[in-house]
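The following pair of complexes shares a single chain, chain A, combined with chain B in the former and chain C in the latter.
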Partner chain A sequence: MDDRKAPLLEMKNIRKDFFGNQVLEDINFTLGEGKVLGLVGENGAGKSTLMKILFGMDVIRETGGYSGDILLSGEKVSFQTPFEALAAGIGMVHQEFSLIPGFTATENILLNREPKKHSVLSDVFGDRLDTLNRDAMKKKAGDAIEKMGVMIDGSMVISDMPVGHKQFTEIARELSKDQLKLLILDEPTAVLTEHEAGALLDSIRSMAERGISVIFITHRLQEILNVCDQVVVMRDGRVVQDVAARDTNVQEITHWMVGRDVQLSARTFRELPSQETVMSIERLWVDMPGETVRDVTLDVKKGEILGIGGLAGQGKLGIPNGIMGLYEAGGRVTFEGKEIPLNQPRRCLDASLAFVSEDRRGVGLLLDESLEWNVAFPAMQIQNKFLKKYLGGLIKWRDEKAIEEVTKKYIDELQIRCTSSRQKARELSGGNQQKICLAKTFAMEPRFLFVSEPTRGIDVGAKALVLDALKRFNRESGVTIVMISSELEELRQICDRIAIVSGGSIAGILPASASSEQLGELMVSQVK
Partner chain B sequence: MNKKKFSLGEFLRGNSVPIMFILICAFCIPISGFSPTYLLNEIITRLGRNAFLILSLLIPIMAGMGLNFGMTLGAMAGEIALILVSDWQIWGIPGVVLAMIISIPFSVALGLLCGKILNMAKGREMVTSYIISYFINGVYQLVVLYMMGPIIPIAHSSIKLPRGYGIRNTVSLLNMRQCLDDLLAIRVSGVKIPVLTLIIIALMCLAIVWFRKTKLGQDMRAVGQDMDVARDAGIQVERTRIISIVISTVLAGFGMIIYLQNMGNLSTYSSHSQIGMFCIAALLVGGASVDKASIGNVFLGVILFHLMFIVAPSAGAKITGDSMIGEYFRVFVSYGVITVALVMYETKKRRAKQSLGRQLEEDQRKGEKA
Partner chain C sequence: MSESVKRSGVQGKLRSFVQSFGLPRLIIAGFLLLLFIAAPMVGSDLGVQLTNTINRFSWNAILVLAMVPMVHSGCGLNFGLPLGIISGLLGATLSMEFGFSGPMSFVMAIVISTPFAILLGGGYGWLLNRIKGGEMMIATYVGFSSVSFMCMMWLLLPYHSPNMVWGLAGKGLRTTISVEGYYDKVLSSFLQIQIGTLVIPTGALLFFALLAFAMWAFLLTKTGTAMTAVGSNPTFARAAGIDIDRIRMLSVVMSTWLAAVGILVYEQGFGFVQLYMAPFNMALPAVSAILIGGATVNKATIMNVIIGTFLFQGIVTMTPTVMNNMIHMDMSEVIRIIVSNGMILYALTRKSEASR
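Moving on to the complex of A and B:
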């Protein structure tokens, strides 16, 4: 290769913040023509944001753009829309499929770029009345499939295809674009079987040989080593390593991915408060889109804080959502010796289970109601608290005074920043909204609590307070807590044990004192 | 073997509505006592009368806009054109053709309006278009009752209300009655076949088949199945949806003119009011669903739905002694069929959603055995 020629892609000092929250800092790397670059990092390390910047996604522009330069073949570019990126020769295969279910592979590959035949009517009514040239479509799609090197049936309808073939259809669609120079693959092997993944890796190599550069994002580190020329490791919005793939190994990459400066002193380990099992989950499956749970068996001990960690999309969120009846589930869940019927949220709540959802605006809060209502509503609905009874319980009135008192108590205790207890929940910041979610759950005084992603999208100060409140609630009221989080570090801070979910089931349970390398290895162990 | 049985069950479930109607007809025909010639005559007349109108429903369904009452707007445009043409005393085939041409601007304008509104109510097109049709009915009445006469010149007193403005309840189209049907008509053993009308319908079918092969047709199918994916691929989703509604209203306008020339008179204030309902019901009887309809569904639907209307009153009268039962049945069945189709559509969607969960459970069980 000619070294003086400008590399295909060069990223210089890319920085990006979301409303003051710095997510990318000084990203620098270059990618040569026909090279394969593996991009790895934990969730939230900034990989997706970086790719969104490169691809000109709307969300970047809407949140104030980015700083730094992207050079494509030596020329500075700044894409305003994905269409501009496409025109410049960048193709992207997203994690979610973007295919028309009732169309054949051929139709999808050439969607809106179909070869057409001119007809008389199109002179009058415009070129949308050109008829499609089916033969040319078949040939063009066939070429793209061949270029990919994996055989799929072009005349097969997408909805009849196995998942792997859908993925290949997406890749073929990008390959069918003549101008394609750089292909971004965002976790393409996540949905593939081992055999299919192998075929995909082969096709990545053959694309590279044809001069197409590939950015390959995956959690399967072995694949990176097998197929990439270069590995870029990101952590907390920075590039921490940029090495040739042949000079490294899985252990090293894992270490770079999770290896923060470990501060053991901040945490206090304790013996499990009790060996008694309070909840036992047997053979649980949950059909939560993007977070499928397969065959989870897990015992929760009385009074402990159990952390559930794992990479995004591996099913950790599905566990509480399935047990609490928000998504369809099957299996057996027993709580304090009694079986909890699945798919019936009310029965879970009646059994004194509570759930702080990760979807705080959608599931957690009544956004247009006052804080008082938000705090008191579940307790009022489920446990008849904060009600004054008249005529022997025939008529129930809200006890406004008690509601106000309890809300004020939690506002003080959790340091919720608001103008008054009558402010609307919508007007609070994310961190304070999360505290309201906790307050309303605490007001129900549950015996068992699921907390899902309690610190997602909130600032450091609020994070510490939320974690502290959970810990206190556990210690003082003896409530068993199961906390689901993508951040290993915070799980290690407050949990007694940590279960790691990988590929939809439990990959292992370790004490919180385990090293982050150990946990990290479990996280990628069964990634499917 | 097992697989074949399964597909038979699927077939029955998928076509339960047409099968039900075939059974009802099979039950009623012998009781009604009509001769086969009479029935065939009636069916062919009604096929010619209604098929074009129902065909106008296909394109919005293809674009994912569901069973669309937007066609009622086209029907009103067709009626306004017919009133004008009959006032100008242009009769016969020229009258029909002129009415079709005049209806186009009205249909297009109403279609644009309807399409714009439906773009704001994605996923609720059916009920929204139903309410729009009531709203536009009010505008139509304003035009026909008050503006025709003082603002839009109406010369002939035979169609004007005695008070000097507004249009009478019925406008006679006697001079263009069945002019399309009678031209080139042939009789085969007592059954009159309106060849020209059938040719027009056949051409329309060919046009729809051709349209599906065009770029626009392909875009509409893509938009109909997944708007977001289509948008990501650079297809103008909103524009495509509006075009599909405009095509539908224009075709419905033509369809209404064909329908009324067959009937021979125009009920100014009520012809259009139920036409959408009956067309949609007929299409559903033919085995269509909210998101899928074919030309075959149109013809099967017209035949079964109208066969039932012909035989049911007479069969009902023979059984109960009350001839009103037929009209009651007609309305009852229309609403009933639409309700059933909507419920079936929802259950199908829910079943598809649940199947993933079932799959998980099954995989797990298999894993247990292994």
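Moving on to the complex of A and C:
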């Protein structure tokens, strides 16, 4: 590499914490001009936070900024808004499309940056009355499309386009900006077919040849190897590896991504408590947006903790949500020998199943009610607990005293930090809210429990407590638990077996003692 | 120094009191108090004024109470109140038509209006379950259209009682029908207390207290708890196995029935059954009253109902009379309209603030 010229992008000692929760530590890497950098890591490893810092997103500034230096072509920069980042030549394509469906590709590509023509009217009333120079627009958009090396029709309306072309339009919009030097692509291939993804990879290469640097984030590791010059692997907010793509392989990257200095001491492997199947799921499909389950067949053994892992969007969250009747589902689910009718939440609950939702604030809690209500409500409604009878059972009132007692019991047991049992659920921190969700299900004393992402967005201390509580609940009350989590390590910590979901079906089931490479390989095996 | 600490303590207490009670309510309450003080000074009898206020409170309180169940179940404020009122009017006119008289006619009016309330409320509830999220807008139009529809029906339905139909034609109901001889003051005169010029309609107040107690008791039951939860977070309720649509339907039927009873209580105090366009003007004052009482779009208590009705009706009755006596000109109707619509307008501005 040319030593006299500074690299295009240099990140030095980037650190970031969200309210004391360290998410990025000492991030260092450099990216040369015209190079493609693949950024990989598990969910929550800090990839998107890092990109947000680079792109000057508001959320970073609002949460106290970051420390460390970002150098762009040797000059220190610190973007306060995405506009500044854009002006400095950084473009970003997000996972979700931001296009106007009724406009053509050309109009979308040049939106608000159109070449204009002056007219008499605009001379009099100012440049807001300039007219669009359609010919120049067509040419400019055409150039941008050509830069990608893909053929898309500039006059086609976005809503008529296949999803791949929409993605290309987004990229063309970034390319049409003359000052563009660095393009960030956040999982651009997630929505593409294999063929389209191939075309995109080709266009990334041709962009690089034109001197544009690319940061490419994806879960498909093979793509990284095919297209990137350099691979940066992140884990737990640190860069764990920074190597040339040609010196590595999928297996190695997987190992770096998921394997960490495993503390085996925290885990206890045991024999499955029973070989008896307590729940069998056959050919389950669930129509949950973003987490579609296509065909899941799975047996859950009595008394075990079964972990379900997998990458985001592969359908692991759909499984409990479908069985518990929150999203449209089909297939056959039998519990303790009896079939459970799907799409009827009440029947599942009556069969002594319970569910701790991943959507704490949306599904899990009554945010505007007291903790007492939150803890006691499902048990009251489903099992008629915490009710006092008057007039020979004619009138049943809430038993406020019993409700207060049970809430206080769980506040002590789960160390929930609150001012009183009458505090509103909204005022609690994320970790404590999660504990309330657990208390709510524990109060129902279920025989079978689904727990979905129990540690998402909560700090390390609360995480350990929540996992311990689940483990204790399983050991002491003999409750079968199915735990869904994006974090492999936490699954390996408390589960007996781990099932990996990929592409909407089960890719394989391994004992928790399996190596993280084995699990990681399953995770990406059927990504579609 | 200790004094300043003490004062800040008092200030803090005062501030938290203002915060919990709400500054707008304090201002309204203060204004009402001012009117009561000003009334004797400008030469109007305080006893009579208090009687008026309490009377109007007793007529309107149940209509305001009718807001509570729907607010709890998350259906918002019941702008479709006229639908319930129509059930009540049907009960009232049919009870008279069938020849009941005295207190019995009041009981029968409630009995007859009940099936109408359940039927109409059921249909209304079904409709509201179909348009979750836009309840209040649709409710307003349900109110409008039901009133217009009944304008035709009051003319066409085969009523014959000479006390109710147009004198010359012999058919079609009159716009205003006196309830004298039927249930005029049937509640108000029960256990009535008179102290000088002050008259307290004990029976009507007791009847309201009874219904308010029943509502409070209902909200303590399992179903009542479920209703509050549905309003607070429907997804949570559904995940806890509650049939949201059924609970919402129940709340709408309850609200409609309470409106039916409410209008009957209003009539017994007011002395007339008002048909045709009259139900039109009943929803907004009730909505305003409960908002002024401190309720929000998804939280309402019995205390909100009592405080709100008293403040709203107090202002609406007191302002015109005191103003009249002050400027010695009969402006009462003009002022009444300005004040009551002003209050409604004010209350509706509070609504957005209270939304989720």
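Keep in mind that, in the parts below, the second predicted complex is superposed on the first by the 501 of 528 C-alpha atoms of A that agree within 3 Å, B and C clash if a C-alpha of one lies under 4 Å from a C-alpha of the other, contacts with A are read in each partner's own complex, and residues count from 1 in each chain.
One rule holds for everything that comes next: a residue touches a chain if its C-beta (ideal position, glycine included) is under 8 Å from a C-beta of that chain, and two chains touch if they have at least 3 such contacts.
For clarity, every value in this text was computed on a predicted model and none was experimentally measured.
Chemist: Looking at A:Arg294, would you say it contacts chain B, chain C, both, or neither? Reply first, second, both or neither.
Modeler: After superposition on chain A, A:Arg294 lies in contact with chain B alone.
Chemist: After superposition on the shared chain, which partner residues are touched by A:Glu328: those of chain B (first), chain C (second), both, or neither?
Modeler: In the superposition, A:Glu328 touches chain B alone.
Chemist: Who does A:Phe83 touch here: chain B (first), chain C (second), both, or neither?
Modeler: first
Chemist: Figure out whether A:Lys116 sits in contact with chain B (first) or chain C (second), or with both, or with neither.
Modeler: Touch partner of A:Lys116: chain B, not chain C.
Chemist: Under the stated touch criterion, which partner chain does A:Pro341 make contact with: chain B (first), chain C (second), both, or neither?
Modeler: neither
Chemist: Which partner chains sit in contact with A:Gly65 here, chain B, chain C, both or neither? Use first/second/both/neither.
Modeler: Neither partner.
Chemist: For the complex, which residues does chain A have touching chain C?
Modeler: 324, 326, 345-346, 348-350, 355, 357, 359, 362-369, 373, 377-378, 380-382, 384, 387, 395-398
Chemist: Hey, which residues of chain C end up touching chain A in the complex?
Modeler: 217, 220-222, 225-226, 228-229, 232-233, 235-236, 238-243, 298-299
Chemist: Chain A touches which residues of chain B in the complex?
Modeler: Contact set of chain B toward chain A: 210, 213-216, 218-219, 221-222, 225-226, 228-230, 232-235, 354, 356-357, 360-361, 363-364, 367.
Chemist: For chain A, which residues are in contact with chain B within the complex?
Modeler: Against chain B, the touching part of chain A is residues 82-83, 98-103, 107, 111-114, 116, 127-132, 283, 285-287, 292, 294-295, 328-330.
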